[in-house]
Each structure stands twice: as C-alpha cells, then as structure tokens.
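Chains here go by letter, A, B, C and D, matching the order in which they are written, and residues are numbered from 1 within each.
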Amino acid sequence: MDNKGFFGNWGGAYIPEILHQTFQELHVEYQRAKNDPAFWQEYLHLMRTYSCRPTPLTYAENLSNHFGGARIFIKREDLNHTGAHKANNVMGQGLLVKRMGKKRVIAETGAGQHGMATATMAAKFGFDCTIYMGEVDVRRQRPNVFWMEKMGATVVPVKDGSRTLKDAINEAFRDWVTNIDSTHYVFGTACGPAPFPEMVTWFQSIISEETKEQIKELHGKLPARIYACVGGGSNAMGSFYHYLDTDTELVGVEAGGHGIDSGMHASRLCGTDASPGVAQGYKTMFLQNEDGQMLETHSVAAGLDYVGVSPILSDLWEKKQVRFEAATDKEVMAALDLTMKLEGIIPALESSHAFVQAFKEAPTIAKDEAIIINMSGRGDKDIFTIAHAYDDPSWKEFIISRAAEYSSKS
Amino acid sequence: MDNKGFFGNWGGAYIPEILHQTFQELHVEYQRAKNDPAFWQEYLHLMRTYSCRPTPLTYAENLSNHFGGARIFIKREDLNHTGAHKANNVMGQGLLVKRMGKKRVIAETGAGQHGMATATMAAKFGFDCTIYMGEVDVRRQRPNVFWMEKMGATVVPVKDGSRTLKDAINEAFRDWVTNIDSTHYVFGTACGPAPFPEMVTWFQSIISEETKEQIKELHGKLPARIYACVGGGSNAMGSFYHYLDTDTELVGVEAGGHGIDSGMHASRLCGTDASPGVAQGYKTMFLQNEDGQMLETHSVAAGLDYVGVSPILSDLWEKKQVRFEAATDKEVMAALDLTMKLEGIIPALESSHAFVQAFKEAPTIAKDEAIIINMSGRGDKDIFTIAHAYDDPSWKEFIISRAAEYSSKS
Amino acid sequence: MQLEQILRQRKEKKDILLMTHIVLGYPSFEANREIVRQMVENGVDCIEMQIPFSEPMADGPVILKANQDSLANGTTVAQCIAFGAEMAATYDIPFLFMTYYNILFKHGEDRFFTEAKEANIKGLIIPDLPPEMGENFFRLAKENEIAPILIFAPTSTQERMATLDSMGQGFIYCVARRGVTGKKSSFGDDFNEYLARCRNATRMPIAVGFGIQDKEDIEALKGRADMAVIGSQTIRLVDEQGPEAVGPFIQGLR
Amino acid sequence: MQLEQILRQRKEKKDILLMTHIVLGYPSFEANREIVRQMVENGVDCIEMQIPFSEPMADGPVILKANQDSLANGTTVAQCIAFGAEMAATYDIPFLFMTYYNILFKHGEDRFFTEAKEANIKGLIIPDLPPEMGENFFRLAKENEIAPILIFAPTSTQERMATLDSMGQGFIYCVARRGVTGKKSSFGDDFNEYLARCRNATRMPIAVGFGIQDKEDIEALKGRADMAVIGSQTIRLVDEQGPEAVGPFIQGLR
C-alpha cells in the first residue's frame, strides 16, 4: 500500500469528507498496532483461547487417491469460531476498537457469516452492535439473523437497490457518517477504502502464517498451489499472503454462477464482464455497465455474490501473481457432494468454489506435490440453501410440516 | 473396570449370546490399543489434523464479572469437528475398526450429533454406515439427517417404542446381532455393555487431558469445580477423568425437564425417580416403573433425553465422587441466552445444562478460584429446536414462507 | 420332574418335539388362553411364555410389537406369573418363562424364582443374561429347580459351548442364525455343520429356533434336533386370522 | 464567468442565496424541466443536478430512492449531460452536476469534463472524491474552468479545512451535521461555532446544506452563510404534490 492506500492502480480511499478524520484515526491506530509486537501476540492469544486457532491442516487422503495426482490438503477455517475465516478479521478489529475506545460497531453482511462474527465479537467485547443486511439476504439467511439477534445485535434489513451485500455496505456507510464518534465500521472483507483492504488482509494472514508451518510439518515442503474462493477476497488474501514471495502458485476462484458467459455470475477478475471502477470507497474491477452503474450479480453462494473485489487482488491479477478461475453453481454442488462423501467434511458453498478448481487441476499435478485448498467456512449453517439447491424432497416435507405446525398454532 | 466389566455395582455386559464372540474380539482389540502407546499417538494426530484438537479453554471474562465469583472457563468442544465432543469417541472407535478389519459401522443417535459424527468418521475411513434414529428424533432433527445422508450414510428411522434414543439403541443391537462379522457398533456414549463405558471414557478423556494443561497455563492451578451435562455420560466422564484423583469437585448436571418432581425429566442420579436396573446391555440407574419397564423421559435437549446413565457415573455417584444436579428446561433457555449475549458463544441445549449449575454456584466461589464448564457442543445446529423453544415469531414466519414456496412448486 | 427329563420322556414317543412361543397379554390374556389351549390340544410339547419388556433387544419386529402392545394394554409381571401358574395347573406340558433380565432383577430375583416355582414353571430363557452375569440367577435356579436355558449361537466357539453347557439346564436353545427372531432361516450346509457342533457340545436335548415357519422346516430338523421352536410365526397367524387359526396350523406342522 | 464570481454578483442583491437540488430523470426529465423552470422563476440562484448512481453512499433514503427510480427508468449519463446543457442554455443561473466519482471515472474524466464544459456546467460536486484521490480531476477542473466544489464537515479539523480550501473552487459546501442527506438539522450553538470555523477557513462563499427544509432554517442562516441548499425537501414535495408545488414552496422560503 502506498501512502494513499493504492496497490498499483487499485484501492485508495474514496470517502465522504465527513469520514476523513475517522479514517485518519483508524490509520494511526492500525499503524500503531502493526508496529507493536505485543498487539499481534494479544491477537494470537485471543484466537487461540477463543477461536480454536491454529485451525488444522487436514490431509485429504481419500480425495487425493480419488484424483490420483497431487496430495490434497485442506485448511480448516470451518473449525474457526462462528464457522468461517471471518472471525479472524473481526476479532482483530475488535481489539483495535477497544484501543480506539469506541463502544459501538456496525457491519454489513451478505451470507450472514460476517454479521455472525461481528455480533459474536461485539458480545465478547461488550460493544453495541448493528448489522446491515440486504432484505433478500435476511430472507435467505434467517438462521444467521436469529443468532445475531440472540447475541444482542440489531439486524437492519436493507431495502434499497438490489437488497444484497453492496446495498448493506452503502447503508453501513450511511450509519457510520452519522455516528462516527461512537462507532467503528467493521468492514468484512479486503475491500473498501484504505486501510481496510490491507488491515483485513493482515488479520487474515494468520491463515497462511499457520499453513506455512503446517505444510512443512505434514509434507516437508511448500505446496505447489493454493486455492481459495474469492468474494471480497479476504480468505484468498489471508491464505495467499505469506506465499506471495514463494514459488507456490496462487489460484483465486470466483463465482461462475450460471456460467461465465451467461451474465449471471460474479466473476470480476476472470472473464471479461468487469471493468475498472470506483465505488464503496475504493477502486477495483467492478461488474458495471457502460455508465458505471453496478450490475446484479449471481451466485449460489451468497458470500461470493458481490460486484467488487479486493484492490490487492486486482493488483496481483494485473501483475499476474495470482491466477483467477471461475466455478459454476453446478460444479460447486458436485464438488461439495464429493467432499462430504469422501472426507466427512462439509465446505461452505463459498469454499466449495475453491474445491472445484483444485479438483480440476489435482490429477495433472505430480504425486509428490501438495496443494492446499482454503476451506473458508463450514456448509452446515447453509442447510437452507444447500438442501434447497439439492432439491431434497424430505427437507421440503420437513419444512412444510413444521410450517403447518406453526400455522395451526398461531 | 473389573474383568466382568463392572464399576462397583454397575456396568457388566448383559448381551445376547450371539454377540459374545464379537465382544471378546472387541475387548482384545481395545486392550491391545490401550497398551500400545503408538495408538494414542495416532489418535492424537488424527484429532489434531482433522478435528481441531486441542479445543480451546476460553476464559469467560464477562460471565465471571457478571456473577462476581469464580473465574469461569469454558472448554470448547463446540469447536471440535462436527460440533461436539462426540467426534472424540467416534474417531477413536474408527481407528479401532480399521484395526479389526471391519468395513461397516452402525450407530444409534438421539440428538443426531453422534450420528453426524459417525457418518463423518465413516466417510473419512471409507466404511459403510447405517444410523438408527428414533422416528421422533428424525422429525425433530431433519438437518442432521440430511447431512448424514449427504455423507453417504443410510439413516433408518426407528418406529418402535417411544421412537427415541433407547429404541434406536435396541434397533442398532438388532442390526449388530445380524451383521456381527462385517459390522462394528459405534456406541455413542459411556453406556452399554463393557467395554463400551470404559472405552468411550478413554477416548473422551482427551478433554480433561487437555484442560489440565490449559487451566494450569491460564489460571496457574487446578479448578475448584468442573461442570458437565450428563446424558449417557460421555462428555462428563471425559471432562472429569483426569481430575478423579484431585481435589477438584466434579458436578454432573442432568435434564430436569419440567422439574425434578414433575415426572417429566431425565434425571437418573439426581432426584428419586430412578432405580437400579439392567437394560441395553448394562446395569445402572434407570428411569423405570415398578415392573422394570422403562419410562418416557423428557428434556428440551434431545441428547440428554435418555433412560439410563453411564455405569461409571452410577459408581462415582454411589461413592460420592461426583455430585449430581438437575437443570430445568426453563433454566437452560435462560443460561443459553445469557451466554450468547455476554460471550458470543452458543452452547448446545445439552451443554447449557452445565452452564445453569455453574451459574448458580459461581457467585459463591472465591474470585481466585477457577471453574470449568464443559461446553460439549454448539447450539447453532439446533436452530430448529432453539428458535422453536424461544417461540421466535420471525423464525415461524420464515418457515411458513419457505414452506409456501415448496408447496406451490410441488 | 425337571424339564430335561420331561422332554426326554416326551421325545420317546415323537420324531421331534415342538415348542411354541406366546407373548403374554398379547393380544390379550383371553386370547393367550385360547391360543395355549389350541397349542396343547394339537400336540405342542412345551410353551415359552414371554413376559413383555419395554426393551426387547433380541427380538425382531413381530415380537417387539407384541411386547409393546401388551405393555400398552397394561400387562404387569404379576399378571404374567399368575397366568403362567394357571396354564401350568391346567395343562400337562412344561411351561417356561422367556423374558429379559431386568424383569427378574427389578422384581427381585429371589421373589421371582419363588413365585415361578409356585407357579410350577419349568424353565427360564433370558436372552440378555450370559452366564458370567448371572451368578445369583444360576444359584437360585438350582435351588428352585427351574431350568436356566442357555443359548448356542452360530458364532459360539467350542470352548464357549462347553461353558454354556456346563451352566445350562433343561435343554440348549440353538439359534439357527445371526440376527433377531422372526426372519426365515435357511438350513443349508453351514447350518448342518453348526448343528453337529451343537450336538457334540452338549448331552442335553437341543432345540432349534429362529425363523422356523412350516412343516418343511420341521422335517429338515428331524433326527438332528430334539425340539423345533416356532416363535413369531404363530403371532403373525393370530394377528392375521385370530386365535382359532393356531390349532390347524400346529396340526399341519407334523 | 466562473462560479464564485457569479455567486458573488448574485449575493450583492440578496441576503442569502438559494441552491436547490434535483435528481436527473426523477421522476422524469419532463418533470425535471418543469421543476427547474419553477425554481428559476422563483429566484433560485444555483441548481445542482444529480446524475444518478447505483451506489449513492452519502445520500439518505429520499435521494437514494430517487437515484434508483431514475436508473430503473433507464436514465443514462449522456441524457443527463444533454439535459444539463439544455438547462444551462435556457436559464441564466449557474448549473452544477452532483454525482459520485465512478460516473466520471467510467465515462472518462477527460471526456466528462469536455462535455460538461460544452454544456456550460459551472461546477461539480463529487462527495466521494476527496482531494487526495483526485489529482487528475483537479487538473482537468482547472483546465476546463469548472469549479470542483469541496465539502467541509463538522468533523473537519482546521488543517483539513485549509487543505480543502486550497483545492476547492466556486464555493465551500458546509454540511450542517454528521449523517446523510435528508434529515432535519438543528442549528444550535455547536452549529454556530462550526460555521464560524468554516468562515474562518475560507475566503470562498459558503453554502450550508443537509436538512434545510423551510423559511425558518433559511432565516437562521442569513448573515452567517452565503447560500442555503435545499436538497431532499423538494424531492419530497414533488413526490407528494407534483412539480407545480415547487414554485410556491421556493417563493415561501424568503
């Protein structure tokens, strides 16, 4: 990051003037934390005693044999508290908020994972908490909303625009400009105005800090490739970070939705539908029309269904340091299925995108090489989406009979 | 355990003759494993790389302050793979099954947790897998059934008796006597015929092996008390085991249901409704009538809703080495609520029973003492039960609208 | 006279003996009475009367359901013992109780044996009580002269059979196959070999049970076993055609 | 003539100037035309025309909805610029474009400035483009003599105000409070102190916006600000009573 928050041509901080001062303070606090070795130690202690870090690196023997190529290792962010890598970022920001002396946090959420993590952190740190969530997402992710509320957060359904993630981000910014003095906006991914992309990456880099040791222990050398799904880009940046200066090839997998040529996807760095733009406070590749209006995106995975992408990834893409691929909804369901059956592990729909690409490439990689799939989260909390996507008849019956019970009683 | 499988007056192996040989083999294999230090190392490696062990011991600062007494620590079995302590036992038995050269596993399940864990283990080890589950439980735990099936297990709804856990156990025994040669019955708790109570306890003792180190690191000395919920007794035995010869007071918390005097509960060692009996292969305190017929039990937590209890716990109860208490459904919901709000942690309904008793006692314990609550599992997979128990209106609306979608399409 | 002796005497006049099974209180004690009458009148040699238990782990679906329905009707252990006494007083064949160990344990083993003896019950079959677990039980059985009937299984080793033989009385119950009651067994080479092993391991009469359903099955056992056990099949019959179908069925078996 | 000069001239004859706001294409360009006509005829001194953007992060619900509806109607940037040109050619007051940076960026900044200049647009308000991010933008603004209007916020330090003052042209837009457009502000002591700070920090005219809704608000600003900005209030009015209500409303403001 240069001193204006750019990574090559990307990033920056395109923020309303009212936030200028707040961002100054955030920059200062972040730099102070970065330069204070005790801060990272405090962070590690928190993650170790509250959130099960280091998360395991699992050798997927059955999948490896099945594909007959590279040794497949899975980084298990599903076992992180709240079920995804999101907690890494959120807990880190929680420590910063404590240092800044603020008493209230807000966050946007799409899949609900980041909202869950933020509500959790707020409960743990004793902060007030408001979560903005597109109305569409509130509807598809009701269980997450339920838990956020139970942890004491206020969940506000956002009824503007496409009523999904990007609109929740806009709404969170609106709250922030109104309540800057008391409030910190816990940005959920490596996007947004500087210093968020770098800061979120820093917290998420705990993933690659761990895998680098783990893979050496389990495999004796660094992996040939690492695969991560790319929504905003935080789990990808986190799992790539400490390999950027190594020979390991880094592969980001975007949401191919109904296909990269269908217009129904969320692929920004793979494919040709995106173009450079500035929105939500930063410059990156956006899915937008000729006039710069953002397009609707599509993915079976709510957490990948986003118009922008980390400016750091745009930079690495431009510099060809990270390769980008896309996985379609259909491929994702198949990879999920195989992983459950062969390894007894349930990746989130988001994470399953990374599995798709790894499965495509594993057979072509030598048997003495390792690849790591970053399993960003667990899928069991997505039961409503996954059972629905599988069109499971007993699930439907179950829901219908539950509903009948509720209707007759109310 | 004496050589007939008794702990004091309790335990034994009351099994049909057809199983005699199988139990002999199991005894031999178990002893061999116990005496082979490499086995435990293999087990630890598996748990460390596949299941996030050691799970954290979390200092619950907010709860501690709230109650103003003992320092409350929470052992986080919720972060174990599949979301509960059940995996400890199942993975261990999986390793044994591999050694015995069997290719098929069966299990009973009540809450679905043990079934999930077994289906997971079977996928990981490449075993065929059949799960027996009372029809009532299949209905209340459909999400678990969905995942078990996705992991390749066959889930058989049991339509006999009370159609809950004990009937699933009977049915699993029926399968076993039919398929002894190929099949191992992965018993889910520290009950059943010897060597199950001891063997399950052995695998679960990994919990107290870990906490003993962790509490010394975080608190400098052993805890004053440890609280664990008691269904069959496996998480309790696991979290007590390495403290049995220490000054730490051990407290088991049973399901008080609608109240210990209501007849609607599952308290066997606390209260006066249970009496010694022999069923499901072992002798213990059962909730039964004058004629020895088992009674219906009640608990908001499916995993505690069982007529029997570990014979090892009956022995420790008789010898007053473990104190038993009960928590009512209502108290459980309140403790769950408080824990979510203050710590950002969602205990399973089962585990919440342990929290209830710890909360009652914490204020009376000196501030320089620690207590450990064994959080046996996570509650977020119980969304259907918990949202229902809270009578949450948005949840009902959500289910009704989902159902409407399914009804209109089918 | 004790059970083994009674059976030996009866066997003198027949190719093979027949033991049948009922679940007490199912469908009702009234029906039990009628069924027993038809059984005895049609030449059954021994009847095992199952005292229902809520957790019949070794029984298959037919008997399991009968246990449950009987309990749902309110059947008690006391009623069962009384009924057993009534039958033993009425008919001149040996009656046994079959049940699970908890029924005795909870009733009090002493008391159970005393009452069973008073009822003139000749033997007990307790499928979940292996000899290792039954020290008191076997002592009481001996004292009360009630035969503790033990089971050979296809998985039993020679050594195990020897142990069982040394502890059991009355006869040895050879289960024909792996599994629970109520499913058809096939009597192939494996079975013959198993039965030979059983015969070698004991000098008591041997009964064969589990899945014996018709005349053909019984024919196959003649000369190799002393007694054939008809279990679930009569319950099915009563369910479908009522108690009066039992007589003709039994008659048709030899 | 450049924006600052125009405003100073107009200010000579008035206690306070009035700037109003419209969202282009909302409810329609037709309606925009009528609204602008009524505004100008009733003495508005400057109009900011918002080119709609799909992500208007600094706008409150009223303007947000107007942006979305306009885009849903199919409003394009080209239409907006053409409309701006038409207005500037028709009326003798300065017209500004207000929009978010991506509209310029995607259109091409060069091209946007060229077209805006051709349209005789006097200034640009881009709330998400702080001076640090706009090197090219400020260069082009200077070259094309279009005023880049910058914003003072209640959170701005003296130092920050100095920076903004040095980069901005035309006037300084002082937002009256924290938050987004469309909510009522209160003009208490804090506000007066803030306005004094603003006045001290710049020699340009100062406009006050965010939440100005009626004559009373405007009275309160007289003598302290050079221009009052009416934003969401006219949109609400048009929504409720149609474009013809705008004239009387404006007239009633002073």
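Simple rule for what comes next: contacts are C-beta pairs under 8 Å (C-beta built on N, C-alpha and C of every residue); 3 or more make two chains touch, one makes a residue touch a chain.
Here the structure is a predicted model, which means the values were calculated and not measured.
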item: From subunit A, the most remote chain by mean C-alpha position; value: C
item: Between subunit A and subunit D, centroid-to-centroid distance (C-alpha), Å; value: 37
item: Euclidean distance of C-alpha centroids - subunit B vs subunit D, Å; value: 65
item: Distance from the mean Cα position of subunit D to that of subunit C, given in whole angstrom; value: 97
item: Contacts with two or more other chains, residues of subunit B listed in rising order; value: none
item: Junction residues of subunit D, two or more chains touched; value: none
item: Contacting chain pairs - touch in the sense defined above; value: A-B, A-D, B-C
item: Subunit B - residues contacting subunit A, complex; value: 48-52, 55-59, 62, 76, 79-81, 83, 119-124, 126, 139, 142-143, 145-147, 150-152, 218, 337, 340-346, 380-381, 383-384, 387, 390, 392, 394-396, 398-404, 406-407, 410
item: Subunit B residues touching subunit C - in the complex, by the definition given at the top; value: 4, 12-22, 160-161, 166, 169-170, 173-174, 177-181, 275-281, 283, 286, 288, 290-294
item: Subunit C to subunit B touching residues, read off their complex; value: 53-61, 64-65, 68, 71, 76-77, 100-103, 105-107, 127-130, 132-133, 150-157, 160, 164, 175, 178-180
